[in-house]
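Here the structure comes first, spelled out in structure tokens, and everything after it is commentary.
Letters A, B, C, D, E, F and G name the chains as they come in the text, with residue numbers starting at 1 for each one.
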Amino acid sequence: MQGQNQQQAYDRGITIFSPDGRLYQVEYAREAVKRGSASIGVRAEDGVVLLVDKRIRSSLMEETSVEKIHKADNHIGIASAGHVADARQLIDFARRNSQVNRLRYDEAIGVETLTKDITDHIQQYTQVGGARPFGVALLIGGVDEDGSPRLFETDPSGTPNEWKALAIGSGRDDIQSYLEENYQSDLELDEAVGLALRSLAESHEEGLTASGIGVATVDAESRSFVELTNDEIDEYLDDFDLQAESDDESEE
Amino acid sequence: MQGQNQQQAYDRGITIFSPDGRLYQVEYAREAVKRGSASIGVRAEDGVVLLVDKRIRSSLMEETSVEKIHKADNHIGIASAGHVADARQLIDFARRNSQVNRLRYDEAIGVETLTKDITDHIQQYTQVGGARPFGVALLIGGVDEDGSPRLFETDPSGTPNEWKALAIGSGRDDIQSYLEENYQSDLELDEAVGLALRSLAESHEEGLTASGIGVATVDAESRSFVELTNDEIDEYLDDFDLQAESDDESEE
Amino acid sequence: MQGQNQQQAYDRGITIFSPDGRLYQVEYAREAVKRGSASIGVRAEDGVVLLVDKRIRSSLMEETSVEKIHKADNHIGIASAGHVADARQLIDFARRNSQVNRLRYDEAIGVETLTKDITDHIQQYTQVGGARPFGVALLIGGVDEDGSPRLFETDPSGTPNEWKALAIGSGRDDIQSYLEENYQSDLELDEAVGLALRSLAESHEEGLTASGIGVATVDAESRSFVELTNDEIDEYLDDFDLQAESDDESEE
Amino acid sequence: MQGQNQQQAYDRGITIFSPDGRLYQVEYAREAVKRGSASIGVRAEDGVVLLVDKRIRSSLMEETSVEKIHKADNHIGIASAGHVADARQLIDFARRNSQVNRLRYDEAIGVETLTKDITDHIQQYTQVGGARPFGVALLIGGVDEDGSPRLFETDPSGTPNEWKALAIGSGRDDIQSYLEENYQSDLELDEAVGLALRSLAESHEEGLTASGIGVATVDAESRSFVELTNDEIDEYLDDFDLQAESDDESEE
Amino acid sequence: MQGQNQQQAYDRGITIFSPDGRLYQVEYAREAVKRGSASIGVRAEDGVVLLVDKRIRSSLMEETSVEKIHKADNHIGIASAGHVADARQLIDFARRNSQVNRLRYDEAIGVETLTKDITDHIQQYTQVGGARPFGVALLIGGVDEDGSPRLFETDPSGTPNEWKALAIGSGRDDIQSYLEENYQSDLELDEAVGLALRSLAESHEEGLTASGIGVATVDAESRSFVELTNDEIDEYLDDFDLQAESDDESEE
Amino acid sequence: MQGQNQQQAYDRGITIFSPDGRLYQVEYAREAVKRGSASIGVRAEDGVVLLVDKRIRSSLMEETSVEKIHKADNHIGIASAGHVADARQLIDFARRNSQVNRLRYDEAIGVETLTKDITDHIQQYTQVGGARPFGVALLIGGVDEDGSPRLFETDPSGTPNEWKALAIGSGRDDIQSYLEENYQSDLELDEAVGLALRSLAESHEEGLTASGIGVATVDAESRSFVELTNDEIDEYLDDFDLQAESDDESEE
Amino acid sequence: MQGQNQQQAYDRGITIFSPDGRLYQVEYAREAVKRGSASIGVRAEDGVVLLVDKRIRSSLMEETSVEKIHKADNHIGIASAGHVADARQLIDFARRNSQVNRLRYDEAIGVETLTKDITDHIQQYTQVGGARPFGVALLIGGVDEDGSPRLFETDPSGTPNEWKALAIGSGRDDIQSYLEENYQSDLELDEAVGLALRSLAESHEEGLTASGIGVATVDAESRSFVELTNDEIDEYLDDFDLQAESDDESEE
């Protein structure tokens, strides 16, 4: 009881520290991320892949309307996990910053630069009063002007991190373990898609369906964000024997 | 008791997360939606239909003044469920955005674009302090410039979703089940009106009356929002044998 | 006890939802309306009548200063029930909007348009922080340019409704029942005045007095707001045998 | 106990309703009015009289500095009861509005117009947050351009009322009863002064003293606000046999 | 206990009324005044005298730095009791207003005008949120252009009062009683200084010392604020046999 | 218990009075001053000396970085005790005001003028909401244009006082007692340095070290702020036999 | 229990003092610093070294993305400990100030000047409401224009201090003890790197790895910030026999 009361005293206000130096509102926002379905990013030698688990609440919902993968610029995609409406705000922010960069410097924004623009924006919502933190984490994948694939993560505290491969959202611990055990630095983009799919399948005993997931890639040569069609996803699922037998209609 | 106190600590302030990452004020606003009478949307191959259940509090109230279906633009209608006054704010917002789009780009706004304008507006009320979330859900139905019928939902969190058919408000679970079991993707608009009426009738044992419901359609060819007259509704009710024997004067 | 504490937790702040999706401050403002003396509106074929119950606190108070009927524009009158000072704010708002409409469009404002201007204004006070809702309901009666008599209601939530006949304020349930039982759609204005008087008399066993009530009409032909003199009211009371034997000095 | 706790929950914040639709802060401000010494207004056929009970805390205090009667304009006087410093703010507001009226329309402001300017100002302090209501009631007496004497009251809620005769402040119930029993509509100004003095004397067993009261009149012919000298008051007290035997030094 | 809890509920916020119509924050600010050492003002026929009790905390403190008497303008002095830093704000306010008056109207500000400027300023801090009331009372003494000596008091509520003689601060009740018993309206300035000194001595059994008090006068002829030197004060103390035997070093 | 609860109710908000007229936040800020190491000021006939006790937390900390003596202008130094970061804000404020004075009036600012600029600034933080008081006291020593040495104190309430000699911060009571017993008004600057050192040594049984203290003087002739070197301080310590045997590394 | 409740009362609001004069929010922010991995700074005769402990959460995280050493300007580096997103804000602030200095004065900013710009910025967040303090400490190391190496610390209160050598973050007490025992003022830069590495190794029984730490130097001659490569770090680790046997993957 005592410990719990102690905690309650510090986690109601957004902008204050607890006696042990933690920001509870930010940690609770991380829980909002965990409540969202999983998103996975894997960096290959020749590109980046983003994979998202789309939970369709009803057979009548358009699967395309479950927005978890977004094109931020020609060469950058963003996958999110957590509070969907919050994600849309950050995506809009990312798109505006990308456009401004093109207008101002006449060149595509760097993946790291864009990531840090976003995390600085997120941090403001954890320090200044009058608003709550963003309840969403992002995977920002793209290819820089020099052809280097990059994969970054933003979290509700506003900390940027670069990854070779990363899972966020529901079941991230299991998926991340799978990635750590199976990631190889010389992956090609096709293999990276496969790794991402297999890591997600670990937490889906019943297998995967093309309609229940989304996949996007940015390859190093074209530097173009491309979303895979259901048919293309099906091919991958067949290749890796991950195809579920019946349609997955789990609830979000 | 403990669990309840726990909850009370996090649901009073609008802009903060609970320890498990939820935004209680948004979830309570969803309850306000459930308190409202049902609205139903069905997308056909050649148009969209919106159907609303109008609860008249008294025989002296003008049925036409129970505003649950609104024309947002020539080609887009909006049906609401929940807090009526809040709905009016969002409808006004939608109309202004539609007009601005015509002025600025000299063309009709896309149904998805309008939906996302609205959800971004709604999201602000869940993150920034000094106001409560909107206690209303909307069904936004229309036909895009290319003739595609579209049907979107907005909820109090500001998340946009696209649907083939959807019910919001009181009794939505039962109606949605009926829709899921009976929806066919090759519906024509007339059949869609029928499906919507039959799904609503499921929760009205005593049958329906033209004065107690409202129906509007946007057909793909004319791209024009049209509200059905009571006589036209009566015809449908007769066709489907859904006509109540006496006037329905249930309370809202 | 439990239920009560539960309630207390959500009804202190103006802008938040309770767990069951209600806005307590708005509901309490409705109680403020019920504490006010009754106002009645009846729509006839050829006009609208507004009737108010004026409670004079003392024989020395000027009955004319109990402002419950207001002229909003030449063709629109407004009767209020509830917090008097709040009503004055909305009346001022209505008058300004009517004038602006004349200046801007060179024509009299529509009754429905004016009503919705007012309800949108009211809604703001239920969503944005820093103020309480308006503790008043209004009956807005007038005649549109096409000669149609209209009668609208606004409540503290900001919801507009159109009525054939309606009572607001103290004793509204009884009066409304009387109206529902006795209203006929082909009423002439004189008969409507009589219906309103008789419905109020239901809750005044001792009868009515001209000084204790106020009556105003807008007839469809002249489209002019007119307040009846005490002598004119006396005539009606005599006609309907509703005259009290002694002066009514009930307290407000 | 229960009832009391119930009440405590709603009377701390200025801008919210209690479950029964009351605004406690406004009601408490009315208590501040009752804590002030009495002020009385009486309307005669040919003018208006304002009478105030001045409580001198010490024989060394200048009686003239107990400001309870104020000249708002040549033709309008204001008597207050309650929080003195709050009264001064409203008097300043009244004077500015009177001057503005003269400048803008080149004519003296109407007594009713001025009253409603003041009550609208007062109402704002009961609805918008960040300030408390005014803890004062005013009697506004004057003569309109057509020679009609007018007497208005403002209370902390911002409700305007017109009276033939009225008492506010400490002991108002007894004084008002006396006024109701003895007021006659054909009073001349001199008689009105007498009535006011006699009504106040009812609650002063020891009689009145010129130094303990203030009297001002606006007569219909001259339309001029005039404060009576102590000698003139003494004459009235002698005439009505209301003179106290020794000086009254009651505390405020 | 009950009464105390009752009180606690209303005295924490600055801008709200208690159920009995009191503003606790203002009353507590009056306690801050009582905690300050005494200040005394006496009006003579030919001028005004201000006398302050200066408590020196240490023999090393410069007695002149205990600022309790201030020159507001050539013809006006101000003595304070209570929160010293608050007093300085009001003195600055008074000086600015005096200067502005000279610039704008080319004449010295009236003592009553200045007083009311100050009290209106003080009142704002008791009604509008975001600040606490001023914890200080002022004695404002001066000579008007017509040669009339005036003596006013301001208190934390913002109420102005005019006095013949007055004490504020610690021990004010005893000093005021002495003043009431011994004040005569035909005092000359020298006698007024004596009266003020004798009234203060009543509460100083050990007698007074020139270094422990401050005296200033404004005489009617010169209309000039003059502070007495320690030698001049010593003369008065000798004349009235009020000289303490040893230096007074009481704490503030 | 009772008394303590009573207190808790009033000391959480910055801008409110307790029932006995105290401002707890200001009194707690005074505790912050007492938590700081001591600073001492002594006024001599021919100058002013400021002495500070510097607590070095670690042998690796640069002693010069413990900023407790600051040059505000050529002729004015300031020593602080309490919250270091708050002191820096006031020092910056003092320097800006000194520069502005030179620019505006082409002369050095008076010591008293500067002090009162600072205290007025401090007072604002005790009355207006949205910030806490400054947790620091200052000793402001300098020489005016006429060659007079001046020594002032500011405290967290914003009260200015002038002193012959004063200690603030940790152990101030003992040091002040020593100063009161040993101060002589005809001290020369060298002797004043000695008095300050001896008074501090009273609370340092182990003696003083040059590195653990800071000394600055402004002499009346040059009107120049000068900080003593460690060698110069060592000489004084030797002269007065106050030298510690080993280095002092007490914690702050 | 008592003591704990006492504490809870004062540590929730950012801008208020506790009864013993402490600012709990600032002290809790210091805890956030202690939760971060260690950073170490050592000043040599010919330069400054910054060393940081980088905790990689997963083998898939890019070690370079754990930003704990930042280049503020050509001649200044900053190492942080604590809340990463907060650190980024201060680094951005530092970079902007450095650039502005170059633009405005056409010269590199002094290390001390930059430090104090930052601490003044930090202090604002501890005094003015509406935001929380920064949960981060910084080590600011650089070389001034005269070739002097400087090493400063900023803490969450906004206090600047200069050091010869300092550790912040997790395990700082042990590392600081090691530094105090082994620091010599005539260190050369290479030796300083060694000292920093050995002091960190004290708390890493398993030894250090190049990938788990970051090292940067600014040498006095070139005045250039340089980050060491993993190979260069490996050389140092070999030289000092601090190399761990296997890769360190401790969690942050």
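Simple rule for what comes next: a residue touches a chain if its C-beta (ideal position, glycine included) is under 8 Å from a C-beta of that chain, and two chains touch if they have at least 3 such contacts.
Treat the numbers as computed from the prediction; the structure is a model and nothing was measured.
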| item | value |
| --- | --- |
| Neighbouring chains shared between chain B and chain D, ordered by label | C |
| Homomeric contact chain C-chain D: same or different residue positions, threshold half | different |
| Rotation angle superposing chain B onto its copy chain F by C-alpha atoms, nearest 5 degrees | 155 |
| Chain D-chain E separation of Cα centroids, rounded to whole Å | 31 |
| Interchain centroid distance [CA atoms averaged], chain C/chain E, Å | 55 |
| Touching two or more other chains - residues of chain F | 13, 129-130 |
| Category of the chain touch graph - line, ring, star, complete, other | ring |
| Ring order of chains, beginning at chain F and proceeding to chain G | F, G, A, B, C, D, E |
| Complex contacts: residues of chain B adjacent to chain C | 8, 11-14, 24-25, 28-35, 58-62, 64-67, 82-86, 88-89, 92, 125, 129-135 |
| Residue ranges of chain G in contact with chain F within the complex | 9-10, 13, 15-23, 116, 119-120, 122-123, 126-130, 152, 157-166, 176, 179-180, 183 |
